[in-house]
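The data blocks that follow each hold one structure.
Shared between the two complexes below is subunit A, which pairs with subunit B and subunit C, respectively.
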Partner chain A sequence: MIRSGVDLGLAELRRTLGRLWSSTAALTVLVTLTLTLAGLADALERDSTGVLRSLDADLVVFNEEARLQLLRSRVPAPLGGSLAFVDGVQRTGTVGLLPSSLSSESGRERVTVVGYTARTPAEPTNVVEGRVPLDGEPGIAAADVHLRDRGIALGDTVTLAGDRDVEIVGFVEDTRFLQQPTVWVPHDLWSRVRASAFPEAGWSETLVGAIVVRLSPGADREQVAATIEAELADLDQDIIDRMDSDDAVEGIDVDVVPMTAALDAIPGVDVQRSTFSVIVALAVAVVGMVMGLLFALLVAERRPVLSTLRAIGAPPRMLVVMLLTQVVALWAVATTGGTLATFALAQVVPEAMPLALRPIVVATIAVALLAASAVGATAALRRVVRLDPATVMQEDTE
Partner chain B sequence: MSDYLDDGPARTIVRAEGCTKVFGDGHASVTAVADADLTIRGGELLALVGPSGSGKSTLLSMLGALLTPTDGRVRIEDVDVSTLDERRRTELRARRIGFVFQSAGLVPFLTAEENVATVGAFAGLPRAVARTSSRELLEQLGMADRADHLPEALSGGERQRVAIARALLVDPPVLLADEPTAHLDADRGQQVIELIASAVHDGGRAGLVVTHDPRIAAHADRVVHIADGRLDVMVPPAP
Partner chain C sequence: MILGLRELRRRPGRFVPLGLAVTLLSALVLAFSGIGTDHVGDLNDAVANNSADLLVLADGAEGAIQASRIDLDHVATVAALDGVDDARPIGEARVGGRIDGELYDVSLWGAGPDGPGAPDVVDGRAPQAAGEAVIDLADAHLGLTIGSTFRIADTGDELEIVGLTEERRFASIPTVVVTYEQWEATLDATYPDADEVEPTLIGVQASSGADVDELAARIAATDAPLAADAPAVLAAGLPGIAGVRASFATATIVALVAVSAVVGLFFLVSLAGRRRSLEALRAVGAPPRTLASAMLTQAIVVMAASNALAGGVIGIAAMLLPARVPLSLSAGLWAVVSVVTTVVAVLSVSVAVRRLRSLDPAEALGGRR
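Presenting the complex of A and B:
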């Protein structure tokens, strides 16, 4: 029995399904397109930034010349320790990144070798199988699960940079860097791999990539960052002396930035995000426009009966609710259909296309689509509100 | 003029005094109804007859709280309609006025019974009451076996009967019909006007039917002529 605008709206949808079928299909395709773009953008970004996101750290310290580039940053390892005493710092660790290669029975592929200090904020947190190496443990490594998908198993021995054999003792998840899988090793092994890869740079155990800092609860990010920069700027000479000064320490001017800024500084992340944002926003806007058009037509077509309803005493609110119910119902159907279609698509696209759909992405896009649909339908809603019941005398519905 | 305002034995339900409607302003203004005085008592069916464009629909709209008079006033029972805001006029239409239009204006995606019962929601009629009343009304109007049909499956006359049932659901004191038989053939038109007449007479309602058709007007207790927006002679019903 019809008691409300919701009932009215649903009754119309139920009994005129055939008529709405093509519009719903079109909307579903648009939603699929939107979700595919959003999922692609999200996966691209996550596969660029996994290496840093997998750390439980709040700040990243780069040497200034590195301009926030992980691959270029070089800081003396002992600096990490000296920061542990700064107010607001809970724990520090160091990470170094090195583009390299990994050979195994299943072939050779490009990887990023990550040197890190175990049991510090530099240790990857998402271990999905086995364990990660401790400092100084020789000849072992943890690898990104992506490599497990490529056929490498726990206990396998693989070769890094063509000449370093390591045994895989664990797998970590979501740790890629610039779309490449990572291999996590203790710093000393990392230094040796680096020396083999870049013989001209020489071997040094004390130069690492960047320092990562976990703050004490309640500490102010900006303030701690400023303190660290200041402390390192006028570091005691004797600390500098203790730092293996033969190495090309490029001064100790550092950039201390929040994790989010470090993520944004990873090459491509910024550009990709802004490019995809515009495209996704356009797709969302198109959905809103199609909704708007659809409901404008629907209201135009229903005008005589809507003004009859107004004439015989239907409050405008009820008709608005009726229309909104239909907007929401169409949105729900198209969003559900689009989500399922995108999931299906993600299963069949080639592996080179990193399409993945996280619930948060689906939720965000769904909300954006609902908002766009509501905005798109406002013109139709306004027309319903402004419908003059007196026009019923001029209407001829037969 | 004052004859129209005479209160007879039955209670006056609709009363229009100096009711005027001007559309537009300046040179382009049209006086659709000028200074109309009119009363309709309970149980009385009035036929409003006049040429096209004479102001019949406009007058009916003012009596039915669809249009606000430019001048003058309209009272329905104890309410001065001309002073109500849009929300209250909507409420008044839902609760006190039954409308039957030229086109039935049924909701195409609701069954006959749903079309009738839905009006209950506008007037705040309890669900169960709306359901039983709509069944009863459809039965009285000979539409019981069509209750579950969508309007597209009904003939013009059947649709108009559903519209009458819809107009009567909340048992309104006023029933207004604007050329309810225009789309029907003579026989069906006759049936529909008989239903309207009995709804007015048996229900003690104030009824007004706009028509071109003298045979329809014959069912009325009084015939009021309108020409160029002015109410004219009162003609006794044809024998």
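Presenting the complex of A and C:
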């Protein structure tokens, strides 16, 4: 009976393709809308958090004063090395973020300059062309691919912060910070750019932004974080000596948090995620309800046909299978069409609008819409089950 | 027209699915826009609606307030420029606030008690002394009203709310304004080992008749490494704001286009479902103009009722949603959505009417299916 229902559903779809085009088009538009919203939300978050996601690290160490804000955090670089001896720590590195500008033949734009220690968890992992600079290499940088899209090529010389020329030797992908592209340079160059940008802050090669930590396999994240906080609050004298600090220092108060918490603390990310989650959930719910209403309209339109089928002996379950087949078929066509339309939209929207579709986003939305469609179609299916051929035919003759 | 209204009265259930679908879809567009507008405002209103004519930040900060630190001496440098009536330091920092026992990240602003940058309160008064603070109305749901108190988590200092601001939030977290001296003292006590506390911004009040753009250029041209912008310009250029604004604008435009298209297609589907009865009416002699008038009347009534309901749904949702998801109803957009969707519905019905005109009554009587 299931096979018959499926065959009947597909046969009717083939036969009534012309009449179903408007329903299919409506569903395709709704899927496009939902995927666009999900794509926007995803791209917005990724373009804010790329700089940290591109690191192969488990924990981030901020100075307490920064309250997990990467742009505010300042920790002495020697602390990174001192953590290598903490149980559970496999490797440490340091990163520093600095809002800056990049000038090239294509013009000037705002960027975030990232200082990092090479060959550590602070090195970006998504190198797509060329290479990233090693520690101490003078005058070279790796840039986010967004800048390549703006016309900057390998070997080009660009100017950071208006007065620091660097040669681009590589491109990294998906490393943006707060929607801005990043430029990755060794720490000494980063310190020089920082000194140019903030002359009053003075020159300090030892002061960086945050420490990133990769844990040994099986290490307890919370326990290691607590150990690091305790260790840094009471520093050994040799580390204090290497910190080159003018003040009498006994220890540094830090916040050590998992990478996920550091990502959530990037300004706006947490709230944007919850806001867009509400919007996408709202869209999926509305699309599900609209699909349900659409199927209700379709069932109402085809009541005479369905009741005739019932009158000639088709069991209700067969009609339900038939209708479900059509729901799934329409969903499949609409999802395919909507995905293609959204991909096309992503190619034509201006660069300022972050819209990108990842397979995981498409799959999640497709499943959610299938579930919403099935729920939405339930009322229509119930009406089919309750169809009384005699009543419908009587209505028809009225 | 009468035929259309009569059918609406006699068989309202026939139009319920269509009306519900339109209501939901219109509400969706209004929700996107409402949430987007409020969300962007929550991120940068404290800057955009600042009372200063110009806000000065460290040139090297490239528009990122979080990265700006200004030497206190530069306040005097700016204040001495021609065209400057007043210049005051403004501080911003993220601190822990213990409100009703719960710990929150709070954006603590230090400004005033008077002069440029001082908070414009809508209820109560601006903070005048140590221990006084104003908070934004949007954070009142946390239990903070005039006369209530909360503590700075790290110092234990108690602050009493003496006034409320409106649309002055920053970074989408509870936003509190205290006097600059209080802000300085709070940061000093919170981080005793830190370097000297420095202002984040300088608020500038231009002299009467001074050209603000020219003044901004003069501030940037001083020896001090400073940049100046009007509050609205600075707010629009904060890192990430353009992307968020563009995302919500895209969402609203795509939703409006999609919803309009779906509304049109829904009317086509709905009219296809009523084709038999319309054919029968043509067959018994109902002129196409009468049927067209009836269908257009129904479309306009359904659209008006649905869009009114959509506005109501968003209005109620705005009151019920948690403060974490800000939502407001834009009357302008509501009007645009109503007009656009109604026009599309009417166009859609017109297409169906054209098909109806070409229908041969004899063929309809023959029961072509």
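Criterion: the second predicted complex is superposed on the first by the 344 of 398 C-alpha atoms of A that agree within 3 Å, B and C clash if a C-alpha of one lies under 4 Å from a C-alpha of the other, contacts with A are read in each partner's own complex, and residues count from 1 in each chain.
Simple rule for what comes next: contacts are C-beta pairs under 8 Å (C-beta built on N, C-alpha and C of every residue); 3 or more make two chains touch, one makes a residue touch a chain.
Being a predicted model, the structure only gives us computed values, none of them experimental.
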First (subunit B), second (subunit C), both or neither touched by A:105: neither
Subunit B versus subunit C as contact partner of A:275, first or second or both or neither: second
Which of subunit B and subunit C A:352 touches, first, second, both or neither: second
First, second, both or neither for A:314, with subunit B first and subunit C second: first
Subunit B versus subunit C as contact partner of A:12, first or second or both or neither: first
In the superposition, subunit B vs subunit C on subunit A residues touched: C
Contact set on subunit B toward subunit A in their complex: 57-58, 60-61, 64, 66-67, 87, 90-91, 93-95, 97, 99, 101-110, 114, 117-119, 121-123, 127, 130-131, 150, 156, 166-167, 178, 183
In the complex with subunit A, residue positions of subunit C that touch it: 17-18, 20-21, 24-25, 27-28, 31-32, 35, 39, 42-43, 58-64, 66-67, 69, 71, 94-96, 105, 171-172, 190-191, 193-194, 225, 239-240, 242-244, 246-247, 249-251, 254-255, 258-259, 261-262, 265-266, 268-270, 272-273, 324-326
Subunit C-facing residues of subunit A, complex: 19, 22-23, 25-26, 29-30, 32-33, 36-37, 40-41, 43-44, 47-48, 64-65, 67, 69, 71-72, 98-101, 110, 112, 161, 177-180, 194, 196-201, 247, 249, 253, 267-268, 271-272, 274-275, 278-279, 282-283, 286, 289-290, 293-294, 296-298, 300-301, 345, 349-350, 352-355
In the complex, subunit A residues that touch subunit B: 1-4, 8, 11-12, 14-16, 304-305, 308-316, 318, 389-390, 392-393, 395-398
